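In the two assemblies presented below, subunit A is common to both, partnered first by subunit B and then by subunit C.
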Partner chain A sequence: MGLLSDPNRRRALTKLLTRLNAPICVMCYLAGVAWFMGLAFEPFTLRTYMSENAMGSTMVEERFPAGERALATGREFAAHKKKVGGMPVDWLVKTMQSRGLEVFTQSFTRKLPFPDENKERYMVRGTNVYGILRAPRAPRTEALVLSAPCSEGNNNNQAVGLLLGLAQYFRSQIHWAKDIIFLVNEHDLIGMQAWLEGYHHTNTTGGDWSPLQGRGGSIQAALSLELSSDVITSLDLVLEGLNGQLPNLDLANLFYAFCQKIGVLCTIQGKLQRNDWDTTSGYSHAAQTMMLMVLKQASGRPWGDHGLFLRYHIEAASIRGINSFRQYKTDTTTIGRLLEGMYRKLNNLLERLHQSYFFYLMPSLSRFVSIGYYMPAFGLLAVILLLRVSFHLWDNRGFYFYLTPSSPGVLSILTPVVISHMTGVALYTLPILSQEMAVQHFPVSETEAVVLTAIAIYTAGLALPHNTHRLLQGEGTEEGWRVLKLVALLYLAVLLGCTALINFSLGFILALSLVPIAAFITPHTPKALSAAIMVLLSPGCTLLYCVFVFQELQETPVSLQDGWMLFLSVISQGILDHALYGSLVYPLLALLIYPCWLLLWNILFWK
Partner chain B sequence: MAAPLTLLLIVAVTIRAVLFRSSLAELIPERVEVVSPLNAWKRVVEGLALLDLGVSPYAGDVFHEVSPLSIPLNESNPSIHPSIMADALTAVALYLAVKDYNKTVFRKQKYALEAERYPLDCLELIRTPKEMYYIPLKVAMFYLLNPFTILSCVAKSTCGLNNAVIALFILCTVKGSSLMSAIFLALATYQSIYPLTLFAPALLYLLQRLYIPVNWQRSSFWLFTTQYTFMYLGSLCVMVCLSFFLLSSWDFLSSVYGFILSVPDLTPNIGLFWYFFAEMFEHFRLFFICVFQINVFFYTIPLSIKLKEHPIFLIFMQIAIISIFKSYPTVGDIALYMAFLPAWNHLYRFLRNIFLVSVVLLACSALFPVLWHLWIYAGSANSNFYYAITLLFNVAQILLVSDYFYAYLRREHHLTHGLYLKRKDGSEATLVLK
Partner chain C sequence: MQAKAGQFFSSGHTNNWAVLVCTSRFWFNYRHVANTLSVYRSVKRLGIPDSHIVLMLADDMACNHRNPKPATVFSHKNMELNVYGDDVEVDYRGYEVTVENFLRVLTGRLPPSTPRSKRLLSDDHSNILIYLTGTSRWNGFLKFQDSEEISNVELADAFEQMWTKRRYNELLFIIDTCQGASMYERFYSPNLMALASSQVGEDSLSHQPDLAIGVHLMDRYTFYLLEFLEDIHPASTANMNDLFKVCPKSQCVSTPGHRTDLFLRDPGNVLITDFFGSVRKVEITMETINLTAPMVFSIEIIIKNYCNQ
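So, the complex of A and B:
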């Protein structure tokens, strides 16, 4: 309490903080970045371990024999898919019924706000088919889901084949204490969204679908299977879901444990695990894997069909078969055995997966960094904002100078805040509202119209008459910008803090780019240079860098031209994700982060 | 001054009416920060429906409101919801009360100045009519435009009614009408027990107003105290009996007061009880309930002794303590004591942590929904996260209140000993709270 009540000690502290403010801030920033980079270093990470007792050992005898037959079913499915030109509903219903499942279908339609050029869809109409294997040994209050998408072209036929093969095999077993739902969803996430909302009687995004005729118990866990070739070299685990939510770490542990047991190569972010952590290349491999995870998580979009399950408190992951040029191949029977083992273990669960971590980053599949280890990296960045607050507050004129009644009027502060937020609202609403008008007047497609409108509004925000307070109050005062900066700093600190709690990666990336400008921007810095730096560190440019870095990390570098096209498609995907699944990244950036950045821009041009 | 107040009321009612029609009106009543099992509108509707069916509303564990108060709610016209009216009433009552109180303060200050009781260097501490002029309006504004009040009002929480009763009680006390004061105090106590602790400041204020010194040997002191106590207990008795005759059962005693005191509902809220009692072993429960409940009432004694010359400040302190430590606090309770902050504007120069505290309060208010989301919807965080923020929020509130308390005492100290204190050796002295 001494610090709070003893004026002498307080004075010493404030003196220290004001005198050494800039060096401390720089130190904190560097320390934050160093801490983050250090997370990928193996001695600083923890080895994953199974926390859930019910899934403790891998003592399951997997006997799934019918890999070849599953592939044959897959080929049959492909033939029917081609014939119907979409989901072969009748064939699927018949096949599932013949395997002894209770089969139901759900049809859905969805009109996208604007055409999705990546997946070439606008008016989406489709059907989900699912079969329920009723648990023979328990009161059917809980369920597990295995899903496979019915994709365009020749993709994922093997996944549906394996799903049907597993359904037939599971039907003959008597261990099941949970219903197992085999779901074939059309139009990937849109179908999944329709099915999940139908299952849980919710409608969050205003889609249109028929209600489900049959249900199992409450879903405990779900796996989504993606398999496009008869043999694979490795299995990739995809964890990142909507809004950067991750499933319980035990699900990843379970996958890893069975891969080890059965001898399947497993990867995360498409990267194999390496043992040479003490070499530079080993470390950079781990760092790349972790940064890929950070970038994917920060994007807030579901990276597999499992992504929407997480919203309903269902632990889910996607398993993706990869066929590369390696010698060592794994056949479908082995994958079937792996899935059998995992479902047998999930079947043993007595309560929802909750023992292990929900907040983690993975530098490799067997190593993880928990929230307690990675939060300090963000904390070190966020504390800079608070240090700057204290600096501006105690600016060698005694305590709380700027909050005295003599400080500038509320109006001069409120005007820029309101204008910035109005720009943010325009950025959020106008792109979709004005697409028709843009298409009429300019030779662009709807998607381009939306993206280009967004970029145009974003850029126009920079040119807004930010000095409106001068109309109201005459000249802007020295105190005026200081108070505005105080507001901006606090606003940014709270905003980034909340973001980092929900989605650490997004919060951290935004903090990396926004904290330096928030900390050091004043009207007295050289205008042209500061303006250039601010634009380079603005949220939009950060997104552009992320696109390039992501491509670089995935070892598919792109040229500037392609990178720009990718950037445009990322924006349209972000808006679509928000409209279709309720991803929060776009509204967060448009309604809160961008206005906050505009406030800082406003301070730079304060007159 | 009536015109700005009317304008303020119109603005406040408009904001609320707009929010009532927006989609937020369905979201806000579900927030645990805004409604508690005691004052949720949903429960009131349920209780009234039970009453209509001829079932005791206290059957089951839904309704915990004292019944006669909620009956007018049922018949009210839905065009303007009673919670809006309650807010407006509270604001007007606070406005009038603070206006009257300021007059008294100013008069006292004038007498003291004339008697030359203040040291000479204290002139800058003297309050001027100019700065006091807008205080009542600011108080009304702090209440009406406080986001906490607005949330509470849009949630149709009956907390607004409690606040209205307490505000009327303050108004009557300040106006010196001891009967009305006792009646409203009894009404507030009847609603939620805790305002019982406001008995001491009200009595002190009324005594002060009648120039009766607080002296155990004086018969006039005892006479008035007995009189006030009798009025208070009498009206409390009438209300309790009224409740009994309305339903002809004593169910409501356990269902309302038992519910408040024994805290059986551990739904998370912004208070300190739920987590503690959810984690505790059952056999310690009774002991700790006693400790926690005594904690609310206990501060009355030391504070009344220390602040016996300043009963209105004591009322502020008591309301704040109640809203921090009560068993089912909501943001509406906080809004009531925060409305008084402009009345202590003159303490500003002595406040030490106001900036830190207000930042923490703001940050916590933003973090409540975030952590709730992570805990309940995402399932990735747990109750510890939410409770950590609750703790921080309450610590900030306690710091806020104790800061004001310290500042008030310090100003009084300066008013008697001079602003620039010297040590014995002549160097400048500093006041340290240890």
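So, the complex of A and C:
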């Protein structure tokens, strides 16, 4: 008979699982962490390669000559920006028109839920300016986008100058098969969101914008340019977008191939590639790069203006020019040539980029790990939850324990679940709703009010179990907490599984902290120690550690005080991202993960 | 004199046809169209008229939006030779190049409304040159237009149909794709000679990367074939053995293959111009013909005289 259909063998298997459950769980956890850390080890990764046949090699002749003129245009833009005190719309419209583009503007207003430290006001008003270079011979069915943000102060002037210079150069070429849209957006992501919503006729986040007068067909790819200096030493590629979505790997491969061809230093996460993978420092460098990507992806916020394109299935990336203290400098003409080469290759595309991977991690710009290789790390962590479910089902009492007379009532299980979720709902809605009241009673700004309310509700949830039992009549039974634990384990497994499918980094980081406590919490463990561990591994504290680790990895370590302020600003940014762009991290943590953790907290204090 | 005249008729063909097919579309397959057009140019130069050439191009490269030099197709990276020219006549274009149309052209089973330019009106004294180029990833198949394939068995059966219907005297089949030799493995009809650019398991490589246009302009085998054909003129006596030597492994990286076991004559006796050119046979007659007799009658005499030779 087979292994599972033979009752004797099945009993032996279940006995083995129940006897060795704890050691197997610990081993799985360590194996999962080891697998994850091993992903950065170079022999386990694959070299990147161009998958799209139509883009082929970098076989193209780049002839962009006008780098100096682009810088002059950038200086003119800076002067006009200073004069107007914001976006020089008229000057931009006139300049784009003189370059032969079809120019349109879009004005937008956005009401923020609370004024954050950057904007300091409730209403944000702005204008986007974009010019369309029509393809000379092609039907207007497809488009490419090149965008540069209009930022305050002295930032990104060179980017706008280069954008206008490229527009003039591209206008004289006849080999464009797609329309090219040159976009200058105001207020970074808010303007970009308004433009994209107007372009695609959707309104998911409740902004107010004027409809777009001119369109260019379906957008195949987009690049966002950030350049703040006349010469650069390296180009940084930013891939992470909203909700941890990544563009197709072929876009990164294209960028890397052209950097190699033209001879520009290129980095990812601001880190240069190293060749010594077999040394400890080489390995740790790759691991740091990968960890930075994981943390950025887990945060769910778009790390460049390109991040909002991904939602519309448009492959987009941001290219940032960095001027550090290296000796070899690259001038604007070379950057222009690199962009020209990339756009000529994107011009050859016949379909959207789809041949390469959409889910990957990059320990360096020339190496990647695909989903098939990194998912087992999460799988090993998720299997621990299932092992504990099996343990609780088959523990000593056999299969049918829940039909014994002392089975718990539905109410005693349902009450903690409902109360936990209502606390989650409170955590989600109250901070923004009650900011008025908080500002009246306490001497804090609106942002601080929102964040501190959130933290207050979070901590108040810790007092729940003591109060829940006042509501219930009688005491909870031994069976009660077991059933509740089963529910919590299954709930957590489904939640983490779904999260990991969409955003592997977020799912993995949450699993790292929540799976141990979910696995081993019972009312019989020593209360004080377990409570301390649970608080230390709660989602809020995990976020705090991530902030410190992130700063450490970026080689800008912070003191505890600064770290705490950074933590508060991260929470406010998360709430703001959710309200403005539809980021799902804050609702996920508040409405689903936090109640799940509260359920486990309830189990700990079960009487 | 008589003996020399006799030599002219040793091949037994009286007219030449060419069927030149490019099976792949998309801008990055520019080189396949350039291949076909180069062979078209050579064949026209050596004498086969447009009425005897069936040219099938699966995509329009000259007017593609991405072509920086519109209305041209170049075969050499210094843009020396525009093989598209002003007088190209494409018989099957774009989506008309399908397996079904190709086989119908070969076997002659076309609907009565098909114009003459789209038909292969060969007879049993025709020498036909068939040139195929495209992409092929598998052993024994040639991909047409990204969505269908022709197999080597289908091709062999088509040629057998042609033989049974007496649609050719001798047939030269040239194929320039990856694993090209697999396409002629299954031939079984007489008087077929085949050349391929690579053996089974080998890839045919491209040549001539052009940075201004942004694509490869030619494939290696056809590039060297074209170079070889540039030296051929209508009176040339080069034979098939020279053609087999075109593009050795040192230049082509792949190993060109050929098959002559079904061919009745010795390849050394077969002139290149038997297939690539349209050498008009001059028939010397010693008789006088009275042209004042009624037209029909005199034509009958001429035909009788001709057939008796």
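FYI, the second predicted complex is superposed on the first by the 583 of 607 C-alpha atoms of A that agree within 3 Å, B and C clash if a C-alpha of one lies under 4 Å from a C-alpha of the other, contacts with A are read in each partner's own complex, and residues count from 1 in each chain.
Following the convention adopted for this analysis, contacts are C-beta pairs under 8 Å (C-beta built on N, C-alpha and C of every residue); 3 or more make two chains touch, one makes a residue touch a chain.
Source: prediction; values computed, not measured.
Once both complexes are superposed on subunit A, the partners subunit B and subunit C fit side by side without clashing.
In the superposition on chain A, A:347 makes contact with subunit C only, not with subunit B. After overlaying the two complexes on the shared chain, residue contacts for A:513 are found with neither subunit B nor subunit C. Looking at the shared chain after the overlay, A:498 reaches subunit B, while subunit C stays out of its contact range. In the superposition on chain A, A:318 makes contact with neither subunit B nor subunit C. Put subunit B and subunit C next to each other and count what each touches on subunit A; the higher total goes to B. In the overlay built on the shared chain, the residue A:137 is in contact with subunit C alone; subunit B does not reach it. Centred on subunit A, the angle reaching out to subunit B and subunit C in the chain A superposition, using CA centres, is 80 degrees in steps of 10.
In the superposition on chain A, contact is made by A:245 with subunit B only, not with subunit C. Looking at the shared chain after the overlay, A:358 reaches subunit B, while subunit C stays out of its contact range.
In the superposition on chain A, A:8 makes contact with subunit B only, while subunit C stays out of contact range. Once you line the two complexes up on chain A, you'll see the smallest CA to CA distance from subunit B to subunit C is 12 Å. Put simply, subunit A touches subunit B in their complex at residues 4-8, 10, 245-246, 310-311, 313, 352, 354, 358-359, 389, 393, 399-400, 403-404, 490, 493-494, 497-498, 501-502. Subunit B makes touch with subunit A in their complex at residues 348, 352-355, 359, 362-363, 366-367, 370-371, 373-374, 377-381, 399, 406, 430, 432-434. Every residue of subunit C that touches subunit A in the complex is listed here, in rising order: 26-28, 64-68, 70, 209-212, 214-216. The residues of subunit A lying in touch with subunit C in their complex are 53-54, 56, 59-61, 135-138, 173-177, 344, 347-348, 350.
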